[in-house]
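In the two assemblies presented below, subunit A is common to both, partnered first by subunit B and then by subunit C.
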Partner chain A sequence: MAKAFRASAGIMLAPAVTLIGVFVLLPMLLTVWLSFQDWSTQTPFSEASFVGLGNFHEIFGPTSVGRDFKTALLNTAIYTALSVVLILPLSVVFGLLVYQREVAGGTALRTVLFSTYMVPMIAVALVWSKLYSPSEGPLNQLLGLVGIGPQPWLSSPRSALVSIVLLNVWQQVGYFTVLAIAGLTQIPGSLYEAATLDGANGSEQFRFITLPLLRRTLLFSAVIAIINAVQVFEPVALITQGGPVGSTNVLTYHIRRVGIERAQGGLGSAMAVMLMLSLIVCVSALFAFVNRKDSE
Partner chain B sequence: MSLAWISKLTLAAGLIALPATGWAQSVNISYLTHWSPETVALLEAAAKDFSRQHPDVAVTVRAVPFGDLLTTLRSQGGSSDGPTIGGIYDLWLPELAKDKLVAPAPDAVASEVKSAWPAGVVSAASVGGTLYGIPNEIDVYALNYNKELFKAAGIAAPPKTWAEFKDAAAKLTDKDKGQQGFGMINSWAAGVVHPFASLLVSNGGNLVKDGKPALDSPQAGETFALYEDLIKSGASIPAMATADANTTGPFLDNFVSGKTGMIIMANWWESALKAGMGDKFANIATAPIPVGPSGDKPHSISYSWMTVVNAKAGEAEQKAAWQFLAWLNSPKSGKNGASAMSDILMSMGILPSRSSDIEAHKDKLGSEFLSGYVSVLGDARPFPVVLGGQEFSESLQQTLEALQYGQVSAKDAQANAQADATSILGRATK
Partner chain C sequence: MSAATRSLARKRPSGRKALLASAMLLVAVASAFPLAWMVLSSLKTPAETMQVPPVWIARTPTLEAYEKVAGVINVGRSMWNSLVIASVTTAGVLVTSTMAGYAFAKYSFPGRSLLFSVLIATMFLPPIVTLIPLYRMVGSLGLSASLAGIIVPNLANAFGIFLMRQFIAGVPDDLIDAARMDGASELLILYKIVAPSIAPAIAALALFAFVYHWNSYLWPLTVLQGNADAYPIVISLSRLLSYNRGAVNTGLVMAGATLAVLPPLILFVFLQRFFVDSIVGSAIKG
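And then the complex of A and B:
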């Protein structure tokens, strides 16, 4: 009986497992294998030659290859951290505002917030590159009205990455607000009624009811926000090309430059493996942190 | 005749005509470029002319931004379904040839090119003596300056030496007006490196000499120091220098709006200047690159573009592609003895490289803007076309941008640039 059950489970799982194996696991294993090879992306895999840890040594070394990779890794980490730190609290704040049943036009506000997420990145990039223009940009003109001098935005290595983060936050916050609203709808209204009867004010209700019960939603949001941020590519490719001075050169853009433009497949794969490992470590640490809080 | 009969006869006629149509357009070839929609329309019109004379060949044109051109060639050029023809920058050729992505030119095409183009241009389209592409354009750098701003600053003539150049840059700088004397470029490798290289060769130096990086020379040191001086004095403002993926952006906006007094740029940006300035384009003039303290006379950097054929395309497609390119670049395809390709290039202010095209466009090449470029062509030094050249160029870009933004001193920038170039070119030739 158990044997028959296992056989039928195996047959039913086989199509999905095969697809995942072929389209997800195999490319990942291939990338890991290539990271130990010297290989040009324009040649067959058979021409790859084993170099051991040579590619990893190179990308963490003192030459321009290593310097550019480390800068790209750091830029990606800063971009991800800033994006998550800004998007999550904003999504909760907007979620609370929009979720208030008494507020008129809540649905319209929800639609407006979500609409930024539906705008294609090419349109966002075109508009924001003009908004950020140091000489004729509307943002600097607005700042001028309140007595603040023109800011360099994308034209300075100090502010370019932050400017790209702001663009990302503007585009993504609506999506995460919808997730926050979905989380808020799961919290029973009776808890707030009981808390009100016990004399808890709004701030206490938020701290002791809303936030703890939103934890699972926020964990999901954080994981998605991290993955989205780590994969940032379009605004960099469309607006800054990684500059100035490599200040917006994020890993996905850099891997594309090394692996495709320069055809250095081995080095590009080693960088992709490091990106994958960093992502696994970050997401695992986040889950471990939340699970520990849960058990406390 | 009833409607049913008309329909049947139409269907029958269609079925009879189908094989003929299939035969008439039996070879489809595609042309990948980075040109603007207006220029693509001119190329499409030329392709239609060709198809009228060669009904068995259909040519489609596809354009991508300049920043994506090499990536597209790399990612799609390795397949028979990728673009059959690609317009490429000569710096990319050695690696594309090494990776066997581009096909050698057939003998007939090669001998035509060798007899009709200047030897230097033919050499830039060749690797190891084998010709891989039909050259079409040549670009050279010169000093562009705004005559109105010069007049307002009391400067009578364009600077001839670096001392005059620094002096003019200082006089043209007006912080209150948000005006800079000399505009550098950042976030675009060629835009950063070529003006620097033009100043370097005008100071008697070289980027690469005998296949080895030569950025540790005293002449290179003086060129890095010139950049540092211009930045430190406030005559050049890095925040006004950014370029985007389409090689436009604030650096262009600032020049066309009269906020930059001088810039070192290539002839091809004539069309961008005209589009951005309208009638005010008449304020822009061209002059040779100022000569440095260790230089003998003005030199400049030149580079060329060519069209190559996908080595992985089918035999019929490759044959049709060479046939189309030979026609497009021949004196028979354009107006008044010029090639159709040169007519397209001249619409953008780009200098054609075929000797007969230069003769055919003599009048337009004598315009105030372009004649300044034609006059410096003779003493121009070709940008070094070496294996690893693109990576070398991108690495030097990073170093120069770090210098622009005050992250490194001129001395450190020179040391970093030489060390990086040695490592990159050494690895590429392994």
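And then the complex of A and C:
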């Protein structure tokens, strides 16, 4: 049984707790503190001067600072929602394709799907920027073969953000497929046997057994997908620089531009705090939604 | 296929099987296509990359593009930097995670579950939330523009602690108590008794950490502030982008991307069992 080895516990925990405390928790608290300060990132923290809610007024205000932030917030919300809405159903469908035992090759498919998750995002961004190339890019060439005209992809404000969502989905869906498979293996086979005896067909079994029992897995997947989606940076920093006309300006990119490149540390921190609050609200709402379904 | 299995196969609805098989093939092709195209393009001549309709496979594969990459960025130096960043960080993560994981799994002490919850909460914190003050802090420590600045803040992470705690909890207490009876110190027990019995999980964590830090972009870019000598390969790649205007340099960019992709992908191909098992493990036990 576990025993009270207090001194040993202190030694064992010291490295990890110190490092996470200093390099994660402390900066997080500093971000919150800085969001109420006027502070240039070029200067020591001691130079910060308290401005109350001034930064928050500014980032939600009518000036260009406010307009840019609100655009970035909206773009991030759209990007995140689209990513989750595409990744979750695909991960279940792909998970079923890997998990089924009627046709061989499931494990090979899993390997192919998951391999994209190992690829550095920077390489993904480079490859897809070429795939999306309007004139000689392979995607438009392939669309041409099936009679669809060339798409502007990253070069149009209407399609640029969606194009980045698609490359994100391509990269990440394998990881979520593995999570879905983990959920599927937890469902007792006897449930399906009983349902078959009761005359339930495949789609009924999916609807009344598979989906409800995957709910916890999907909740976990949704949370991770949201956290991953707000981190999108490389394709934007490298290819679109937030454009065309701000259509791909997302929060991670925008906060870094304001807080590091323009050294407006107070404003950038206020934006980071809003991102943190939005995440807390979204994740809590998701949990509340799933828990209510559970109690139904 | 023997006659017997063929007749067996016929008993199943074969249309359904064909549909399943083609769906699987379609998904696999769509998933593999971008990386396959990347490698194939890196082997083409500039003329071939511009051709319409496209040439999918080079008539005579050439390493010309790779030579050109070596002319634009210092490939050896960048790969070495990436290797140092990824391996040193991984080593640190393994040490800090196994120690903390052991404490959380096998000791009881006041505030254990509170401390664990606080640490785990940091797992869900996007790095951008701490980036601005962290950038300033690392600068004040005199670590900016150096490999140490990239590595030090990442030597411990909540995911590692979580994963190690899950697996160490499964190590029998009798094993640990027996070693204590023999007078072994706690650190000795951790590295001689506990660690070997969760070797696959440690391997999984090592691979995860290595690939994650090999691929990591935002933090190195922010810390290094243009010190090209310390660039890992993923940051050096962005330099190829100034050569990225127009299709003439597609081969160059794809050759650079291939170089950055190969190490994590090779690790994955050989060790994917560990990756997959630990994801499944963390999801189910979590």
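Quick notes on this structure:
One rule holds for everything that comes next: the second predicted complex is superposed on the first by the 272 of 296 C-alpha atoms of A that agree within 3 Å, B and C clash if a C-alpha of one lies under 4 Å from a C-alpha of the other, contacts with A are read in each partner's own complex, and residues count from 1 in each chain.
One rule holds for everything that comes next: contacts are C-beta pairs under 8 Å (C-beta built on N, C-alpha and C of every residue); 3 or more make two chains touch, one makes a residue touch a chain.
Predicted model, so just to flag it, every value in this text is computed and none were measured.
Shared-chain residue A:T41: touches subunit B and subunit C both. In the superposed model, A:T111 lies in contact with subunit C only, and not with subunit B. After overlaying the two complexes on the shared chain, residue contacts for A:P244 are found with subunit B alone; subunit C is out of touch. Of the two partner chains, neither subunit B nor subunit C is touched by A:L191. Shared-chain residue A:L219: touches no atom of subunit B or subunit C. Of the two partners subunit B and subunit C, it is C that touches the larger number of subunit A residues.
Look at A:S135: by the touch rule set out above, it reaches both subunit B and subunit C.
When the shared chain is aligned, subunit B and subunit C each come close enough to touch A:I260.
After overlaying the two complexes on the shared chain, residue contacts for A:A123 are found with subunit C alone; subunit B is out of touch.
In the superposed model, A:Q100 makes contact with subunit C only, not with subunit B.
Note: residues 41, 129, 133, 135-136, 237-238, 256, 260 of subunit A belong to the subunit B contact set and to the subunit C contact set alike, using the contact criterion stated above. Residue ranges on subunit C touching subunit A, taken from their complex, read 12, 16-17, 20-21, 23-24, 27-28, 30-32, 34-35, 37-38, 41, 49-54, 95-97, 99-100, 102-103, 106-109, 115, 118-119, 122, 124-137, 140, 152-158, 161, 173, 186-187, 190, 211, 214-215, 217-218, 221-222, 234-235, 237-238, 240-241, 244, 247, 250, 253-254, 256-258, 260-261, 264-265, 267-269, 272, 275-276, 279-280, 283-284, 286. Those residues of subunit B that touch subunit A in the shared complex are 67-68, 70-71, 74-75, 78, 95, 99-101, 178, 186-188, 238-245, 249-250, 253-254, 257, 259, 390-391, 394-395, 398, 401-402, 404-405, 407, 419-420, 423-424.
For subunit A in complex with subunit B, the touching residues are 40-43, 63-65, 68, 129, 133-136, 150, 152, 154-157, 237-246, 256-257, 260-263.
Interface residues of subunit A, counted against subunit C in their complex, comprise 1-6, 8-9, 11-13, 15-17, 19-20, 23-28, 30-31, 34, 41, 44-45, 94, 97, 100, 102-103, 105-106, 108-116, 118-124, 126-131, 133, 135-136, 138, 141, 170, 173-175, 178-179, 181-183, 185-186, 217, 220, 223, 227, 230-231, 233-234, 237-238, 251-252, 255-256, 259-260, 265, 268-269, 272-273, 275-276, 279, 283.
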